[in-house]
Amino acid sequence: MSKNKKILILNTGGTFSKTYDEINGNLVVPIHNKAIEEILGKSKISNCIVSGLIYKDSLNITQRDRILLKNQIKKSNHKKIIIIHGTDTMDKTAKYLAKHIKNKTIILTGAMVPFSLDEIEATSNLMLAFGYISSKNKKNIYIAMHGNIKKYNKILKNRTLGVFECQK
Amino acid sequence: MSKNKKILILNTGGTFSKTYDEINGNLVVPIHNKAIEEILGKSKISNCIVSGLIYKDSLNITQRDRILLKNQIKKSNHKKIIIIHGTDTMDKTAKYLAKHIKNKTIILTGAMVPFSLDEIEATSNLMLAFGYISSKNKKNIYIAMHGNIKKYNKILKNRTLGVFECQK
Amino acid sequence: MSKNKKILILNTGGTFSKTYDEINGNLVVPIHNKAIEEILGKSKISNCIVSGLIYKDSLNITQRDRILLKNQIKKSNHKKIIIIHGTDTMDKTAKYLAKHIKNKTIILTGAMVPFSLDEIEATSNLMLAFGYISSKNKKNIYIAMHGNIKKYNKILKNRTLGVFECQK
Amino acid sequence: MSKNKKILILNTGGTFSKTYDEINGNLVVPIHNKAIEEILGKSKISNCIVSGLIYKDSLNITQRDRILLKNQIKKSNHKKIIIIHGTDTMDKTAKYLAKHIKNKTIILTGAMVPFSLDEIEATSNLMLAFGYISSKNKKNIYIAMHGNIKKYNKILKNRTLGVFECQK
């Protein structure tokens, strides 16, 4: 690990990077990290690296995927990790990671609207996480969405409104 | 001040919000905060408020403008303030504020490319500041640009490359 | 009918105007003509009017819908009509209209990529039709897609490539 | 000339393809045809070719440039030519070409808003010309802007409103 590349961004898929398949007329999770890379490139950000290991709608994330993700994180030298994840099971993955990983700062984020459809929300959520993780903070598992960053069990998706809200 | 609206975003203009004037064919600083408001709206962010007080290209920011800005900040109840500012004299305004304001966290940010031309860099810089200011951090004057947030005198615009770089 | 509003644009839905439903994560045909209106507005076009009568994915267009569309066209004073239609059954609707309407110039067009996802192809197809219908041409039923405008039975969707191609 | 590549698009610059220069903060006419090529690519258009010969703001187009353009057109095998041109002197170039070229259909078009800033108007104007030139029409010099295509001396830029209007 290079000393200057402090933050690791791990892509697991989700709405964040969905792209349109013209032939079938569907939005699909592509097997690449281009949405993240376009954000970093246009934002002139060089102090992080991007890696993808699962490319799934979060409704299809399995326990095996979570184990894979956890092992990847444990193996990594990085102490500051942002995970791009679908919003539907972001809380489950966060809870699982919280049980197994104690000595790293991990922030899960994602998007309600694909970056390919509108660039703002996805960029906003990723950079919210990026700004928070750049500060001095307690090693913990966080969720960063819609302007709020909280410990993973203090912020929840309101499925009716489509917004993440802080819990009392 | 409402308890839920913790972060104040103060607009002073700059490239960030420049828009195209069709009749004259120029990019101009508009007298409104629509670029910031569009980012916050599409990002579903409600825990902040936006206010504008100077709408200038930063090359035209005067000492009088800086005094006005400083007074506005002192008067405000907000302890966490993000300032949207042109990149050319961002460091001068930061230095001036650092001399006069001790008990607040202030982050200056802006953009090299107008939000109206490309939404990513401006959104990225604003949300980098937003994420950082949401954490626990030392009261100080910071600059947040291009993935880096540092004390205002530790980060500088490289005018040849058009990128803000950390100073040793 | 106003003398200056010569061209009628009739919206029947299709991929052209699909928008993203955040709550369900699907692309849906909205019950409005905003995509068309945004194109006309930003293009500063005032010599046409827009009207919507069916808002469906073209796979769901029924014979009853075609009768409705035909009756609407017969009733209208307009001699030049552009129909926004899904690409999958554009040829069927065109064939049906060709049987029943002899004294008007009608151009069917649409898009493979929703305007909400990428503005170029939808704008391009609509304006291709608009430019052609603005000229002197034989009263007939045409399809305008991907740079080609031909009599409806001389141009066909290549479903493998996702492109409309001229037939020999 | 290939039989299938019937339409020639000649780029002379203008607002249509201006891009943002971050270092100087200006919009400049680039020495390439990427805006046109992006429109054609995303529109899946293959029945035309693009060529650039002057890359200037139309206020800087000289009589020498017009002679160059006229000679290029005379030399070309193409009978149908679209010229991308700045809006300020589009009428002057059209008038000059009308004096010298009798046996071709030439449509001048351009944009009030750079394609790099907003994709719709530029795409709309180009495709309006493209649709019109695809029809059978009298060999002549036309201007196509904002939904109107007329003989070059029957349509004029309203410099106060920033819209091209038909002349009585």
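Going in written order, the chains are labelled A, B, C and D, and every chain counts its residues from 1.
To be clear about the criterion, a contact is a pair of C-beta atoms (placed from the backbone, for glycine too) under 8 Å apart; a residue touches a chain by one contact, two chains touch by 3 or more.
Owing to the predicted nature of the structure, the values given are computational and were not obtained by experimental measurement.
Colleague: Can you name the chain that lies farthest from chain C, using the mean of each chain's Cα atoms as its centre?
Modeller: So the chain farthest away from chain C turns out to be B.
Colleague: Matching over half of the contact pairs by residue number, can you pick out the copy of the C-D interface from A-B, B-D or A-C?
Modeller: It is A-B that reproduces the contact pattern of C-D.
Colleague: Centroid from C-alpha atoms only, then distance chain B to chain D, rounded to Å. What do you get?
Modeller: Between these chains, centre-to-centre, one finds 40 Å.
Colleague: Chain B to chain C: how many Å between their CA centres?
Modeller: Inter-chain centre distance comes to 45 Å.
Colleague: Averaging over Cα atoms per chain, report the distance between chain A and chain B in Å.
Modeller: Those two chain centres are 26 Å apart.
Colleague: In chain D, what residues contact two or more other chains?
Modeller: 112-113, 162, in rising order.
Colleague: Line, ring, star, complete or other: which one describes how these chains touch?
Modeller: ring
Colleague: For each chain, which other chains does it touch, given as pairs?
Modeller: Going through each pair of chains, those in contact are A-B, A-C, B-D, C-D.
Colleague: Contact residues on chain D for chain C in the complex?
Modeller: Those in contact with chain C are residues 38-40, 42-48, 112-113, 118-121, 123-137, 144, 146-149, 162-164.
Colleague: Which part of chain D faces chain B closely enough to touch in the complex?
Modeller: 15, 20, 22-23, 25, 27, 112-114, 116-117, 159-160, 162
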